[in-house]
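Below: a set of structures, written as structure tokens.
Shared between the two complexes below is subunit A, which has subunit B as its partner in the first and subunit C in the second.
After this line comes the complex of A and B, so read on.
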């Protein structure tokens, strides 16, 4: 038995490193793979052996997919799972449910561990985007010792910073597939140091809508218990992702497991989890210290927990007779900042579990509008409201780590369309 | 000690302790996640290492190859050098020089260089952010780290780690200098860039300085990170918990238990506390930890006099 075979046998006991590229309707299914001990979802393609492409992206080819593929080290393999737009990256097509997927991934992993020669070649040519085009006396780019686009890669160029000084400013596009941001979100940023001087959301995808219980409730009477349990579940899933981002993957896994099997009887364990989150410093030591002047800019109607965190009484459930019969009163926060958004969702998880346990067989009618976990859904616009258009105002001037923390705190759905979908609301 | 024996001893100690710390990290992660399936924890580090060993290294566009290749071995080497300053048992030390604690501190300060090279070498944005974060965190935490460590030399009237351990025969420094160990552990987290202080390799940078690494270089980097944590925990045990001193058990076993105990505290903090903002780390280091560390020096100095 050779050393490679011995290592291969040992390696099979480790979880398979998978880099996910998930469309709107597959994000939750892919996220739930974290609960499988056989799989490890990694934050960068450099750490992965399998590229998992799943769901509907609304465009074809999928932006950035070929680049992600070529960044993976050898041996590597691509798997398309219920992928509706196979795009320009070929690979193994797998249908069925999660168990079928895990079985297929395990088989492919065994294959590449033992026979790495069957690995996938790069898709893009390994050449420079353009020839060197330096203009300075030393072959550099633009004015002074900075700037220009050698090999098609923009270098830092001197520009005034927010304090009136001249510093190098580096333009970078981040996303749409990077573990530091929600899947699908792509931003074009101009950095000075790691401070964002300008930021623009790049809209790379057509609007796609996952079919969920809240969109269905616009047209079909739905039990309040089901709606509220789903709301708590969605907030817990957001919490799982956000905790992972803040360096707490184990707590995130606990949140994800609770979300997966949630019932109203789990309220005590959910409270235990939320107590651990409060003790983790994430709210007091991290989010509360991000100085972005959030209160004014985030007070906008229709954004659900974000709006209520700022103290605005804005909740479609107040108009529903079923919720009125349950004495529903929206929870209102005092400050619409990232810490306030966390506190709001955490409080609403408990509120939703409480309503779910009391609702019995009461039914919500959702006439005209339904309160979804990310805000108000309207009959003429079933899309989930998204605060994507708020990003430039919220993130400009922040250090990158703070900016990414704000993005995760917002609970963004990058696949939802942007400003046009937002209900007309109240700007404070 | 014979040089060959020394290298073998340090290698063996680091290998076993890195493995044990990796096992503890896996177990604590499972405990915090409320997934109490501990059956696989003993094999998990070996399996993960085997998987990385089979993966090929990746190359970025125009990397600084030498710097990138040097960073991980340098970090592992610094852990080994730091460990040589610490006696494992009475009379069993690799290089328990008269200035052992200075040697240890010097090795830890070079961690900043290794991490910076790792971030710089790949010629990529997020790793470079991580590199500069390490410089900022290391500079902010370096002085309080050095002060509380050097304060343990006052009762011993020696910079030798062996003498510092011997000076705790009657009273451990954790009781004699109660401010010292908490400050040491917080600053040690910054130098091991672990848990709440994992700023260079944090999730907001998708892995930071390690985001572009794969295969064997990534394996060496991960091992080196744990080795630094082990070295810091071992020095914490020696400087504050009496090192190999203790009743009933052999000295080396006391040293192992105390080291693993401190390593577990640091690992546990990594699973329970969120990553702190770089600005907070800098402010915390200069405005809070530095004055506290100075108080530790002055009070301990006065008591020694």
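After this line comes the complex of A and C, so read on.
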């Protein structure tokens, strides 16, 4: 038996390494794939053998994904799952539900491992932008540290740093499919070392708005129990993602499993989970690093848990007769910093489960506005509540790791945020 | 070391390095393509080359080096004294290290180890 066969057998016995790229309407479905033992969602294309393109991007995502595709090692294959993107599709198309997808992925994985000829060729040419050549007669020397523009890419620009020195400032575009940021979020950052000097949010794909029970509640009377259960579920999903980002995948999987099958009777288990999170030294240490200066900047009405964490009594539920009948009082924090945002959402998970268990068949009427899990939704602009615009102010001056921790603490949905200015019922 | 022995060690090192390279090539005969060599940043190609100069805070690093280097300098003569004095010198050295640890904890609290 050759070494290839041995490695092939081992690879077939392992979970299928999949690099996911999810559109707005598929983020939750792709996240739930973590609960499937047959699949491992990996952090970079270099770890993957299957590129999974799922959901709606508003535009054809493949041109932007060519580099991601070609960065996967051989053998590789692309799978489109319920992909509504425009233009030609590169790879295999799979419809149906999660079970159909897992079956198709397993079959394709076996196929490319046993017959690597089925692997996809590269999309991009295997050539450098330009040869690396300086200005000297032997390709040496030139302007800057090493001379010339290596492989067609200029060297970092110089800019003043915080010590008054003139040092390199490296611009990098990060995202939209990188594990350090929520899926879909792309930022243009200028680094000195790993300190962010400038940061700007770039919208990578066209705006789309996912179906949302809270947006629907603006126009349709909706049972309070359903709204609150969904709110708790959304916060648990945020918790699952944030825990995973901080290197606590087991706790994250627990949160995700609870979110998947959540009912008001799960309150005890949810409390157990939240107790474990509060006791985690990793979370304590990470969040204690990022302190100071956050309360003033995030203290803005309409941002839901972020606003209430800063102590502002801002909650559309207070105006709803159904919630008034349930003696609803918003939970208020003392400080709007990342640790405060975590505490606020975790407290609101328990509060929502409690309301959900007491609400019976009471119905919320959405009197002009509805309190969504990320803030206030209004009838004329159901995506207004976006913390995206806060990012430059919050992240400038932080180290990259701290900045990513702040981003995950904010609970950003880039797709919903990009859709903020669209009128109701209009999607691009 | 005689010249012959040094030569044998040198040749053995060269041979070992060659064997490691050969095994690596056998296990992974593929070479990376240009797109595979590009650093992964989430899908966007890099506009700038990654080589850049940044301030690594030499001053802090030099101070910390001095602190830890002096600690080690004091520990060499202490090892001789320890043989003669026994437990009492161990306690004294622990007190010395404890004082240094307090300094390290203080530096850590003041974020002195963050050099970015």
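Methods note: the second predicted complex is superposed on the first by the 372 of 428 C-alpha atoms of A that agree within 3 Å, B and C clash if a C-alpha of one lies under 4 Å from a C-alpha of the other, contacts with A are read in each partner's own complex, and residues count from 1 in each chain.
Methods note: a contact is a pair of C-beta atoms (placed from the backbone, for glycine too) under 8 Å apart; a residue touches a chain by one contact, two chains touch by 3 or more.
Just so we're clear, the structure is a prediction, and the values are computed from it rather than from any experiment.
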Joint occupancy of subunit A by subunit B and subunit C, clash or fit: clash
First (subunit B), second (subunit C), both or neither touched by A:167: second
Which of subunit B and subunit C A:154 touches, first, second, both or neither: second
Which superposed partner A:399 touches (first subunit B, second subunit C, both, neither): both
Which superposed partner A:67 touches (first subunit B, second subunit C, both, neither): second
Which superposed partner A:99 touches (first subunit B, second subunit C, both, neither): neither
Subunit C clash site on subunit B (candidates 1-9, 199-207, 253-261 or 289-297): 289-297
On subunit A, positions contacted by subunit B and by subunit C: 44, 46, 71, 73-74, 153, 170, 172, 178, 191, 193-194, 399
Partner subunit B, residues of subunit A touching it in the complex: 4, 7-8, 10-14, 17, 37, 43-44, 46-47, 49, 71-75, 113, 116, 153, 170, 172, 178-180, 191, 193-194, 243-251, 253-254, 257, 276, 279-282, 285-286, 289-290, 399-402, 404-405
Sites on subunit A touched by subunit C in the complex: 3, 21, 44-46, 64-68, 70-71, 73-74, 122, 124-128, 145-146, 149-151, 153-156, 161, 163, 165, 167-178, 181, 186, 191-195, 204, 399
Parts of subunit B lying in touch with subunit A, wherever the complex brings them together: 28-35, 37, 40, 43-44, 46-48, 50-51, 53-58, 61, 125-126, 129, 132, 195-196, 198-199, 202-207, 211-215, 218, 270-280
Complex interface listing, subunit C residues touching subunit A: 26-27, 30, 33-36, 38, 40-56, 114, 116
